[in-house]
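These are the structures in question, set out in turn.
In what follows, chain A forms one complex with chain B and a second complex with chain C.
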Partner chain A sequence: MTVRNLRGIVQHAGFIVMMYGGRFGLHLGSAVPCFACPFVPGCGGFCYLMGLQGYIGFGMGAAVASGMGLVTALGWFAVFAASVALLGKLWCGWICPFGLIQDWLSALRRHLGVRERSIPYPVMRRLAWVKYVLLAGIAIIPPLVTAGILHEDFYLPFCGICPGKSLLPLFAGETRYLALNYDNLVTLGFSVALIAITGAMLVGMFLKDRFFCIFCPLLAFIHMLKPVTALRLAKTPDTCVGCGNCRRACPMEIEAVYRERASSDVQSDECLDCAACVEACPSDFALALKFLKVKLFRSSRNYAAGIGGNSKKNELSR
Partner chain B sequence: MVKRARKISAKTSERARSEVRKSLEALAARDDRSADFDYFMDLYGAVQTPEAVSERTGRPVVSLLCIQAPIELIHAAGFHPHKVVSGSQAMANMALQGLPALTCPMLRAVTGAAAAASDGTPGTRRWVLPTTCDWVVKFPEMLESSGAGSIRPSLHWMELPHLKDGDSGQARWLEEVFGLKKFLEGCGGKISRASLDASIRIYRDAWRALTRLAMMRQEGRIAAVWFALIAGAFFLDSPERWTKAALSVNPPPGGARSDERAHVFLAGSPIFFPNFKLLDLLEDSGVSIAADDLCSGERIFPGGVTYRDSSEFGMMSALAQRYHQGCLCPTFIDNDRRINNILSRRMASDFQGVVFHVLKGCHPYDLESLSVEAPLKERGLKFLRLETDYAAEDSQNLRTRIEAFRGTLSRR
Partner chain C sequence: MARRTLLFFICVALLMQFTEDELRAADGMDFLRWRMTEQARTSDGGMVVSFDLSIPPGANPEDIEVTYRALPQGNIGAETGGSAPETYRKKLGDTRPEGDGTVADVTVYSGRSELIELTAASRAGDARQYALTVFSCFGESGNEDPDAERTNYYPNRPAFRVATGQYYFRAQTGMPIEFSLDSGPDSVSVFEKGIFTSTAERDASGNYVYVPPHDDELSEAGYTAKKDVVFAASMPDGDLISFYVPVYRSFYGKIDLKGGLAVLSGSMLVSAALAMRAGRRFPWR
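And now, the complex of A and B:
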């Protein structure tokens, strides 16, 4: 079995658990490091971004009153951090149900033979700040609601514009988040923005692999925990011939892996740990997905060519 | 005068045929010969004119001199990419007059073969030449000055940007690949998304077969001469038939290489049938080739074209990038990652040294041998540079040097 096939199986299993887990008694809590959307009826866990907004906003108010809200918030953060420390960005590349939806759209585009609209890597780098701005918004806006400065319907600001909220519930038969909400001007504004963003994202995700991930604040948050993450993409620059297969295989079109000539650390903030680059690399030992110091999967000429016999006889003497 | 020229051509052709015959007889007499190799030997024994290759493959032929033009694109257009190469000393001698003394022996042999051909041309109506080295650039002039006729009316140049790491060079090369598509369509070829996709798959399968053979050579299951023979035959038949035959090669383990032999990586200029002089000398001296980076060997085509965007543009881009960025030819300026291929292969194999083959007159490889020697030695690899041509006269000298080199490997 190829890693790509294995990833496909894990992604679909992840989709079933995250989307329908609650229906068969499985719930992973409120600190899931991927888009397990709480707006999906019967979902199997809650995306940490929602919990984070709640804890930062109402949790802080509760903390002042009893101290228990802060403990709960820190507890869920610990669960989130531990999940990220253990699996890193496998949550993004292998488990996230919204990532899988993006991959379905990409597969449809490929099937139809529609040309992918590539985003030049320098442009992508410049867009990287968007996800950090969204993350900052998640941290700043809820306390303003708690303090009474903003209207209470701002209490989940990111969920208000997240295309996961509009699209993922569709798989559970829930369509109301694609409708306008006339409760008040704030809800109307959010619902208009959500429908517009959803439309734009659908077009973007069809035309460009993993388009939403460029802007995903959860990816930014996971990347901020990189120092404690056990799972890493690593490169042995001495064995890279610069063929560019890694760049072409990468759904995020990351150039840093191809360009790197000195450091073994090629885990950039856009990287999803999908391992497509490792699979495509025809140079033995050039790339590896590592758990601490253990190589879970490394590049191999034979693997890239589709044959077995991945023998390792001796390490490079330096 | 014309009669004398015809007589010389006829004699040269007979000498070249004799070279092929003797080489095939020598291969047939080897202990490790297997019936699996017969298909490839038969290909060399057959007529190699473009017309014959065209008849064999059922496709019109597009002639190439090197591996820089994307063969998947040529195949997708309905043509057969035919790499016109020769290791014939007789043909190289035929073209000696009127050419510089240190002309690339391979192109000299091809020029000689063209001059000896009855119609005075290299025998095809379509040529695609990427501007890789100076010899390739001057090849049409070499043909004309040798009386072999002109290929210019049927020639398509691909201007190769010699900087491959930068975006501008890659963008220019992509334009050239689209230019090749236009040329092929102008020749009557038809390229569709489906045909391009199918062609890439066909050559990916061929790469799988070639990689499997390289693995067998590394494990000592087939000798270097058999690998060179099979790789060199790649352009002589349809890729599907070649792949099927290559995947059928299955000699018993341990047939070609024992643990007593020294194992090396072979780098540098290409080696073409029937001139396997260097391979024979290495083998006779107790040296086995674990891997190579010759454009007549493991790099006979880039292989493994990876793409996510399966639109026609996406596949064209992938082909352009794979043939440009991934090429380790010394003609590129920024080719410093070349030794990484050797270091990478060393981690998967167990060779102790590098034999760097320089064909006399192959200046890019000649110069690059100087720049790769020091970094390889720093990594603990022994290094031997061997400069030679198609002539047999230097065999004893080469043998002495190889045996001395083998001694240094044994002492490790």
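And now, the complex of A and C:
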């Protein structure tokens, strides 16, 4: 079994748990580091961004005395941080249900014979600020709602524009987040923005692998915890032959892994730990997915030659 | 002929007015009833729900019994499924005069996921009065209400059941509120925001069904805004029972799926056109 196949199995299992776990009595809490959407009826956990918005909103200002305790908020952050420390960005590349939907769309594109639109890495780097701006919005807007400065329908502002909220509930038969909401101007504005962003993201995700991940604030938040993450991508520059396979195989078109010539730390903020680069690398030991100092999966010329022999499975054959 | 028709309509109008006035007189707001004032999380992860209990003139606040039953919600927290309901007795909090009557504060704390049925029982004159409400709590602390005393006693009130639904914990405008009352009248009075608005009739299955209308005030105010709906029924033996439900704005009342799909299609068309014309800056891979 290839790592790609294993990843597919884990992704689909993760999809079932995150989307339908609640129907089997399984709930992973309010600090899941991937898009387990609370707007999916019967979901198996809540995306931490949703919880974070609630905790920030409840945990600050005048609500401190009567609202959600900071202790509880810090407790959920500890759960989130521990989850990230343990699995790092495997949450993004291997478990996230919204990531799987993006991979489905990419597979459909390849099946239809449509080529991928490339977003050159320098452009992607320039777009990186978007996810940090979104993260800042998550921190700033909820307290303004709690303080009464903003209308209370600004509560959960990121959820208001997150395409996961409109697309993931469809898998549980819930279509209302694709509808315009005329309750008031705030709800109408959010619903128009959400649907317009969803449309743009659907096209983007079809034409470009993991397009949404470029803008994902949860990916940014997980990357901010990099110093405590046990699982990460590492490079041994001495053994790299500079073929560029890693860059071509990467769904995020990251160049840092290819360009790095000195340091072993090649975990950039766009990296999803999907291990496509490690699979594609033809140099023994040049790249590895490591848990602390243990190499879980390392590059090898035999492995690369093995998956290269099957052109249908090989990203490099595009 | 025309005069007779006119007379007929005048009589019908008078009769309707008389019936409505009679209901108002019989079931005016001078009865024991609940009103939710606040729902909040506590620092230990529990939930506190505060109520005003309106006590009619003639009833002595000291004679009022407040009890509640907590029914663990198996459908919400799998770990609590199957447990028996627990009964607690509460004391009234601060009281203050309001109109001819009195209002008392009552606060319920819950540390678990549970459906709570709160009952107040009082005697006014010869008749007994009961006020009921049912609400959900999603406490996570596991602690018990520190101001409640566990008891096996529960007032012997008319048998009352709420037909709970998927969204019952948050009753919405436009969605039916359904309950039954053994030996109850054919219709119960409905008060919205303290004003008599209509009656809820008993249907073929013996349930009273009322669909609170959509409310622009709620739509404008936000997702936590609620309106107070109270059902009041005069029982054949003269007792009076009220049931309070806080009603929130509808999830579905003002949504337009076709409009949303039109926006989605437009957005996808524009995005696809932009992607096709992106040029060399975004080459095909």
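Side notes on the structure shown:
Following the convention adopted for this analysis, the second predicted complex is superposed on the first by the 300 of 318 C-alpha atoms of A that agree within 3 Å, B and C clash if a C-alpha of one lies under 4 Å from a C-alpha of the other, contacts with A are read in each partner's own complex, and residues count from 1 in each chain.
Criterion: a contact is a pair of C-beta atoms (placed from the backbone, for glycine too) under 8 Å apart; a residue touches a chain by one contact, two chains touch by 3 or more.
Values in this document were obtained by computation on a predicted structure and should not be read as measured data.
In the overlay built on the shared chain, the residue A:I119 is in contact with chain C alone; chain B does not reach it.
Of the two partner chains placed by the overlay, only chain C lies in contact with A:L202; chain B stays clear of it. After overlaying the two complexes on the shared chain, residue contacts for A:G242 are found with chain B alone; chain C is out of touch. Legend: residue contacts after superposition of the two complexes on their common chain; A:N5 is shown touching neither chain B nor chain C.
Once the two complexes are overlaid on the shared chain, A:A305 sits against chain B while remaining clear of chain C. Judged by the document's definition of touching, chain A residues 115-116, 118, 318 lie at the interface with chain B and also at the interface with chain C. Residue ranges on chain B touching chain A, taken from their complex, read 164-165, 193, 204, 207-208, 211-212, 215, 302-304, 306-314, 318, 321-322, 325-326, 328, 337-338, 340-341, 343-350, 379-380.
By the touch rule above, chain A contacts chain C in their complex via residues 25, 27, 58, 66-72, 115-120, 123, 151-153, 155, 175-176, 178-184, 191-192, 195-200, 202-204, 207, 318. Listing the residues of chain A that touch chain B in their complex gives 106, 110, 113-116, 118, 209, 237-245, 248-249, 251, 261, 276, 280, 282-286, 300-302, 304-307, 309, 311-318.
On the side of chain C, the complex with chain A involves touching residues 38, 40-45, 78, 140, 219-224, 249, 251-257, 259-261, 263-268, 270-272, 275, 278, 281-285.
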